[in-house]
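Chain lettering (A, B and C) follows the sequence in which the chains are written, and residue indices restart at 1 in each chain.
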Amino acid sequence: MSSTSADTSTFSSTAAEDDAKLLEVRGLTVHLNVRDRVVKAADNVNLEVGAGECVGLVGESGSGKTMVARTIVGLLPTVRLKCCDGEVVLDGTEMLGLPSKELRRARRGRVSMIFQEPTSYLNPTMRIGTQIAEALPSGLGRMEVEDRIKALLAQAGLPPGLGIERRYPHQLSGGMKQRAMIALALASNPKLLIADEPTTALDVTVQAQVLRTLKHLHQERGMAILLITHDLGVIAEMCDRVYVMYAGEIVEAADTMSLFEDPRHPYTRMLLNSLPHKRHEGEEVLKGSIPDLSMLGSGCRFMPRCPHASEVCRDEQPLRVRTDGRAARCVLEDSPADRAASNKGPQHRGDDAPASRAVVR
Amino acid sequence: MILYALRRLVQAIPLFLGVLFLMFLLLQLTPGSPIQAIVGRYPVPPEYRRIIVQEYHLDQSLPERFVYWLWNMLHGNLGYSFGSHTAVTSLIFSALPNTLLLVVCGTILSMVVGIFLGFLPMLIRGRFVDGAVSMGVITGFAIPTFWMGQILIVVFALKLKLFPVSGMSPLYGAASGFGGILQRLQYLTLPVLALSIPALANITRVQQQSALETLGNDYIVTAELKGLSGGQIVRRHVLRNSLLPVITVIGYSFGTSMAGTILIERVFGWPGIGNLLILSITRRTNQTIIALTMMAAAIIIVVNLVTDLIYGALDPRIRVT
Amino acid sequence: MAIDEAPIAEALALEGVAGSRYTQGGAGSAEETYTPPGRMQGVLSWIRRFFRTQFGIAAVVLIGALTLMALLAPVISPYIPGDIAGPALAPPFGHFVFGTDAIGADVLSTFIYGARVSLLVGACSGLIALVLGSVFGGLAGYLGGATDAVLMRIAELFMVVPTLILAVVMVALLGENLVYIIVIISLSLWPQEARIARSQFLTLRERDFVQGARVHGFRWPHIVFKEILPNAIAPVIVQVSLDAGSAILLYSGLAFLGLGDPALPSWGTMLTNAQSYLTTDPWLSVFPGIGILLAVLSFNFLGHAMNEVMNPRSPRVSALSLGRRMATRLVAPTGIIEPTLSEPLIERSSP
């Protein structure tokens, strides 16, 4: 613990003086070749994560969240890639298009990732300790490595008494495996942790514990987290800000509080309505499923499922950024008249000035 | 681990009994009288026929006959070969070491080379190496080993005179000591080369596939994210894990090599059980044929058991439970 | 990651390959529980793609040439095989293109006639193994339970004794008649097909469209023959064509040991005869060996080509790199047919 707390202090000091964003994704577009078709996994995605911030990326299955995460850490499928455009600046380093050797160096100490299915992301024939040791910086003494491993496991919520480092993955429960994955991700002392559906595969009780551990690490180490999930409950518990993704596009961006109180995009609204305890009588719920990412038209991608869809929606919809920093990709943001007509939105909106038409391209 | 070993052993026993039953069934289907089915068409003295009827209780009903057949087989009572005037057991045990030498050397060779060749496309990337290895595998499956043996004899023994043409030691003046070992190796080389081809192709293919599949596992992504280089990933994560499936086919390869010796021993005049089998087929001494087959099956079952245990020892998922 | 695959898998499923949607099963949407198959189009597209593979063209050319040679043997062979045609042991590339053997018979004629028995054995044994394997494997997979256990134990029994030893012993005891030999060879080959058919039936019987047919009140003959079998048969056929090659190899081995049908000229027998003249006339063994090699190779090519066509997602053992591999995984839909060639040869009950 002693060594890591020292790391944390140096880290938070740099974070304090450096107010620039830790992660900036600009205009990220990832298209994949699947046989004769082009799957638009991500289209013009912009997102930012500040140092020490916890940001959520939420969306249904197949909305391209994971593809964005993989692009950030540089795990793009090179062969299927049709085109990959935009910028991913992580801690001052452009990650896109780096050759693999430099990419490895760029990732070290900057970003780590944990996944939905810890079982398959741990090597079944290696002891947990050995797997963590691989991620530690080279040049440490044997004793030091052992101490570090124990400290990391303890931080991830696996006390040293259990002897986890000598176990194999199949001897651990799902929650313990995910904690081991977290310890492994912490080994390189990253500034950003990308957590891709970290609790989806776990039992509900274990989910809460693992989330608490993540939150604790976030606060203690000042480590930024990009949390990818389809579970709005997890977002509410963990995140400062949220991006909502639909069919490869960011459709709404807001801080967590205002998103839950005042969702601007119909999709977000319906997503919130799908939460059992949030349901209000008579409000629309989500029907159908996400469109085929290889057969997208030019207009709003949510149009086929949207109760407010009109002719205007056939045109391409830009993300409308408002003065308070919120943004939504919907035509309803433009004219208050339309919105009033729909009378589905919350009533207490005072700042009903037309949103600035800032088009982010 | 002990439990796993015991379970494997228990699974192997009915398998061997099944082989014995299969042989018994085959003897029932053999044309001619039951006595003739057992002793074959080679002339035997009438007293021996009487002994056979007694020992195998051939006057009893079919299920009882099977029980006595089992009894005799499991007690190593494999009969007497009037063609060679020796008990079948001693006949087998004089020939078996020669065959095992050939098969074990062949298996080791195909293992070492096969694993190396299967990995080659990962070490040297590019279409050429990969295509060459794949093509080699397909051809290796299609080459008749006995023909390969003949070609090897023609090229390396007759034209280049590097190796002896046939046999396993010179008729006169065998060297002793270190020279003797060298001489032995000289006689071994060509038959082992020819014998190992199908097993080599098989192991190469399995290794190549398994390396590919291991590379597709999610923990390779983790390793990549840890910052390990390509070489480190291959060495630490791919190599060991991809070797596991290969171990499982080594037993099978041993079996095919065991069968392959029948052909190879004929080509190279190697005094093993393959030659013995052909001899007993031409002489129609059925007892020897049956005994040899069961011996081969027993050896293969044991080798499969051993590879299973090795697999269990290497895979922690089995070792610890 | 598994989650984000869904729409991409759907994209694959929507592709115009009929039949593929059945094998992908889980990728389809929920409404697609029962759809009657439209297979003709699928077969045509398979054939089209088959001829686009290099292996496919090589297989068709080789098998075509060998079949022509076998069928036209009486027309194209210059002499009658086994008849004395000239001086003994005449060298090749003279008047006798492949030379003559120890009794002075034309080697080329024997070679041409030898193709007949090889192809016959390969085709017949393959077909019998196909029938045996699909029936027993299908029963084991469809019924499951005790039937499955018993049938698979029997298959294992046949697999533990190597095919050649089994065939040698059976031929030695039962007799050297061609029909017997074909039956015996297929008896030693069927467990491979049975294993594959079993695993196909096991997975397919749980699929939505089969369950759908059951709910619609179809009885088992319809379900087995109309729903499962057409979708299960592809990987079995791939294995059959590989096994036809093995059958040719096996028969050559038997003939080499003097256990072939003595009435028919064969390449294996030619190699036995050549064995005695290795020191003086080594060319005698060259041509029959090449004949066997090409015949086996042609069936193996056929198998590889069909595998490529029927399992386009199975990794065509090709140039690889980390990124490449991840790419194929990333877009591979879940629940595809296991590629035939990657299965371990001995099935292992996982502890």
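Methods note: a contact is a pair of C-beta atoms (placed from the backbone, for glycine too) under 8 Å apart; a residue touches a chain by one contact, two chains touch by 3 or more.
Being a predicted model, the structure only gives us computed values, none of them experimental.
Measuring from the average of all protein CA coordinates, the nearest chain centre is that of C. Among the chain pairings, B-C comes first (most C-beta pairs in contact). Centre-to-centre separation between chain A and chain B, using Cα means, comes to 55 Å.
Each chain gets a centre from the mean of its Cα atoms; for chain B and chain C, those two points are 23 Å apart.
Centre-to-centre separation of chain A and chain C, using mean CA positions: 49 Å.
Under the contact definition stated at the top, the residues of chain C that touch 2 or more other chains are 1, 321, 326, 328. Annotation for chain B: residues touching 2 or more other chains are 218, 221, 224, 230. Counting partner chains per residue, chain A shows two or more touched chains at residues 75, 115, 117. Looking at the complex, you find that chain A touches chain B at residues 73, 75, 100-101, 104-105, 107-108, 112-113, 115, 117, 120-126, 131, 134-135, 168, 170-171, 181, 184, 187-188.
Chain B meets chain C in the complex at residues 4, 7, 14-15, 18-19, 22, 26-27, 29-31, 37, 121-122, 125-127, 130, 134, 138-139, 141-144, 146-148, 150-151, 153-154, 158, 165, 202, 205-206, 208-209, 212-213, 215-216, 218, 220-221, 224, 230, 233, 245, 248-249, 251-252, 255-256, 258-260, 262-263, 266-267, 277-278, 281-282, 286, 289-290, 293, 296-297, 300-301, 304, 308, 312, 318, 321. Looking at the complex, you find that chain B touches chain A at residues 217-219, 221-230, 236-237, 240-241, 244, 314-317, 320. Residues 1, 153-154, 156-157, 160-166, 168-170, 172-175, 245, 249, 252-253, 256-259, 268, 271, 274-275, 278-279, 282, 285-286, 288-289, 292-293, 296-297, 300-301, 304, 315, 317-322, 325-326, 328-329, 341-342, 344-346, 348, 351 of chain C are the ones touching chain B in the complex.
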